[in-house]
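Listed below are the structures to be examined.
In the two complexes below, subunit A is the common chain; its partner is subunit B in one and subunit C in the other.
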Partner chain A sequence: MRTLLIGTLMHAKHMSRSPFEVSLALVIPVVQATMAVHLFRAGQEPHRLLEAAVGAGLMGVWSSVLFGSGGAIQNQRWQGTLEMIIMAPRRPVTVLLPITAATAITGTYAMLATLLWGRLLYGIPLDLARPYAFLAATLACVAGLGMFGLLLASTFVLLRNANALANPLEYPIWLLSGMLVPISVLPSWTVPIAAVLPTTWGARAVREATVGGPVWPSIGICLAIGTGCLLLGAYCLTSFERRARAAATLALS
Partner chain B sequence: MSTLRLITTGGALAYRALFNWTSPTMYAGTLLAGPTFQLLFFAYLGRQLRVADDGFFIVGNAVLAASSACVFGGTMAVANERRYGTLGHVLLSPRSRTAIFWGRVLPYAGNGLLIAAFTLTAGSLLLGLRIPLAALPGLGLALAAGSLACGFFGLTLGALGLRFRDVWVVSNVAVAVLLLLTGVNVPRGELPQWMIGVGHVLPITHAAEAARLLAAGRGLGAAAPALLAELLVGAGYAIVAAALLKTFEAESRRRASLETL
Partner chain C sequence: MGSEYAIEAEGLRRTYRTRTGWLKPRRSEVEAVRGIDLTVRRGELFGLLGPNGAGKTTTIKMLNTLLIPTAGTARICGFDVVTRTREVRRRIGYVFGGDRGLYDRLSGLDNLRYFAELYGVPPHQQKSAIAELLDLVGLTGREHERVEGYSRGMRQRLHIARGLLHDPDVLFLDEPSIGVDPVAARELRRTVGNLAANGTTVLLTTHYMAEADELCDRIAVIADGRLQALGTPAELRSHADGRRVVEVEAYGVPDSAIAALRGLPGVRETAVEERGTLQLLTVQSDAHLDVQGDVLRELAGVRLGRVASREPTLEDAYVAIVNAA
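Here is the complex of A and B:
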């Protein structure tokens, strides 16, 4: 636990020192929120502007986790520190989970930024149906996404350009998780896929806390699937790490 | 003739050298699947909100699909020379730097055109949009004009790489801004006046407008003003890029900061 906490803090600090990461984290969610607000206004649904701002915030959290997880391995490779963290006398999961957890935590800025942006610039009232449940749902969503990020990152150990593989995954998860588009408008074959994603349940919990609805079951399912991802990710990570060591491909970039 | 060779052969060689990080899988994932998913996302969002019909989002996002490849490509054309430590060699060349860098935009624009055409085809097949056959040549022109303008826009951003260390921040923000301000996903009439004004001088805006007119079967005559406007925007960025490259090159030599990372 101490390794996880200190590791998460260290990686969060590390990310906050990168002008590239900070600049993008500051600007992109605000652009997405602006677009969402104008689209919802154009659709004659101004009563759903808060949903639009929250949805844009969730999109920002996912982007942060996705690119953070994609880059978790690749950045260590580029910095020449991958061997060192793999050599650490801890399970691989305890040294990698802090990276994905840090990306999820820094991603919560997107949620704050989009809500604040909507309030200040567009006068969207922050009339959350269940404010405390909203906080719990956001934290659960961030935790779920962080654990899902670990599963992604573990599969990226074997890939030399994992960050490029992460690029096309941004929009499908936004779409399938119902962050801005309700799942009900998607083709029926997407429903089972959406149901096994922690992002779907995290987004549902946050939306239910915003507009009203049973928040806690969604939080529970999000965390349960997230825990499943964590266990699977830990297993994959150990297995893939051994394969990468055996094939001498761990640090190839 | 030798200038033409410099532009075409030089551009192709630089493309192979500076775009060397990609592989077929990465290309398909990042440059073909990514824009297609983006198109589907906005088409479904548009359906749900009833902002516009599928055609609006399919055609608009197909034109925009070229932007990532062209903007980042144009930026790479300058910034990666610096990253790989070869910028000094390029600037030692006795040939026109303007011709060298303009030539570099062409392969990226060609790549952008390919991506845009793929995205339009995929979007039309997946969502069932019927485009009149007679509109295809005009649509090709609109996609090409948008790609070229984006390439020169990227080159302008790449020129900033001679002055600023982290030009990729600017490129990433620029691509996000194109999504918002070009009217590809939000009908321009719904945007504030100042956003519409900025959109007028950005690439893609006029190409998307022309492509929508053509896809609606309005003919090349109706789309010609928008096409011309897109080409003018592209030409404007080409001139700005050349001026910035010249200015920043001189300043980099004077301050000995040419390859400072």
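Here is the complex of A and C:
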């Protein structure tokens, strides 16, 4: 646990000092808050602006986890640190979970910033139905996404260009998880896929805390699926680490 | 302690397979290491020399668990590098040359804290171990600065501190003095020598013959993925026994003149080292023949600097071994 905490702290510290990451973190929430507001105003649903802002914030957290996990592993490869951390006498999950956890934690900034920009630029009132449950739901959502990120990160360890996979995953997961648009308006064949994504339940928990509803079952399901992703990710990492050593993909060349 | 040897390798091979293109993928294979056998005793300082692309780094990466051998076996302190990976990793440190391998936006201290935790240094020992290592590598007082502001020499010293955090039995040093200034390189050699004197087994790769000659108990020369020679520095020097070396500093030597030098009677090896605008020609010949006059005749019309005749060194022996491969 100590290794996980220190690792998460160090990776979060390292990421938060990147001018590129900081610039993105400043700009993207404004864009997302603007997009959400105009989308819902155009849809004649101005009473749901807070819900829209929360959804946009969740999109930011997801983007941070997705690109953060992929980008962080790829950055480690570029920096030459991937080999050094893989060489540690630890289980691969202990070494890599702090990276995805750090991306999820820095991603919570996107949620806060989106809400803040929404308030400052568009006057969206922060009228949360259940503020404490909102905090718990956000934390659960971040934890669930971090664990889901580990599953994705395992492929990033194996494949040198796996960050290319991150791009096509961004929008479908937003949509399928109902972060911005309700799942009920999507085709029925998407329902089973959405049901197994921790992002769906995390987004649902956060929305229920925002507008009112049974938050805790959604939090429980989000964490349960997240734990499943963690276990599967840990298994994949052990297997992929060995395959990466066989295929010589831990280093750039 | 188990095995008598710190490092054992038998028939070690590594092939890289690459694929380019999606629709019509082209596959190619490169045999980087083609069957290496070696043993390194505990506490020995062992050098691995060879030209670029000879297979030195691949060999080290197979021994330190970063690559799985295509064939053959290797053991560190008696533990197999493929099946007992974690036991091997507990006992090894890895330091490589260059700017990479550190978290640039963290301080030197944060880098060491993180790796101390990762490499299993007990929490109550971390502070003292880090302080001792910072002192050893001369970074005390600079540890709170971000690594991105460090010079190359400082980064290299931080690499070494990181490699020693968990007091490894075996230390792999892959060209640690690359890009380091002469004073820092001398300090580095002193540190490495002290480590070996205190019982750490060191496997060192380097391009600097003087470094290998000064430090190593035994040296293996690797070229084309195979061991070409193995012995003490004195034994390796004997590969150039019976030879004499003529060194000529010149400017703008045409390729045709170098080819002509190679064809001179009694000439065994020629090498050209570019040093800015200067070219240092090294011509090895049979000792009983004086080829200096012939060499200067072939270089007629070329602007020359110092010309000297001398006994062969380890570097000359190395050139002879590599060229014979």
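As a convention for this text, the second predicted complex is superposed on the first by the 251 of 253 C-alpha atoms of A that agree within 3 Å, B and C clash if a C-alpha of one lies under 4 Å from a C-alpha of the other, contacts with A are read in each partner's own complex, and residues count from 1 in each chain.
Criterion: contacts are C-beta pairs under 8 Å (C-beta built on N, C-alpha and C of every residue); 3 or more make two chains touch, one makes a residue touch a chain.
Remember, predicted model here, so these are calculated numbers, not experimental data.
Undergrad: If we overlay the two complexes on their shared chain A, which of subunit B and subunit C does A:245 touch? Say first, second, both or neither.
TA: Second partner only.
Undergrad: Regarding the shared-chain residue A:167, is it in contact with subunit B (first), subunit C (second), both, or neither?
TA: A:167 sits against subunit B, while subunit C stays out of touch.
Undergrad: Once chain A of both complexes is superposed, is A:1 in touch with subunit B (first), subunit C (second), both, or neither?
TA: A:1 sits against neither subunit B nor subunit C.
Undergrad: May I ask you to decide whether A:87 touches subunit B, subunit C, both, or neither, giving the answer as first, second, both or neither?
TA: A:87: touches subunit C, not subunit B.
Undergrad: Would you check which partner chain A:120 touches, where first means subunit B only, second means subunit C only, and both and neither mean what they say?
TA: After superposing on A, A:120 lies clear of both subunit B and subunit C.
Undergrad: Under the definition above, what is the set of subunit A residues touching subunit C in their complex?
TA: The contact residues of subunit A facing subunit C are 2-3, 6-7, 10, 13-14, 17-18, 79-81, 83-90, 95, 242, 245-248, 250-251.
Undergrad: Under the stated contact criterion, what part of subunit C meets subunit A in this complex?
TA: Residues of subunit C touching subunit A: 16-17, 64-68, 86-87, 89-90, 92, 94, 96, 98, 100-106, 110, 113-115, 117-120, 123, 146, 162.
Undergrad: Note which residues of subunit B are touching subunit A in the complex, please.
TA: 21-23, 25-26, 29-30, 33-34, 37-38, 40-41, 44-51, 166, 168-169, 172-173, 176-177, 179-180, 185-187, 190-191
Undergrad: In their shared complex, at which residues does subunit A touch subunit B?
TA: It comes out as residues 19-20, 23-24, 27-28, 31-32, 34-35, 38-45, 161, 164-165, 167-168, 170-172, 174-175, 180-182, 185-186.
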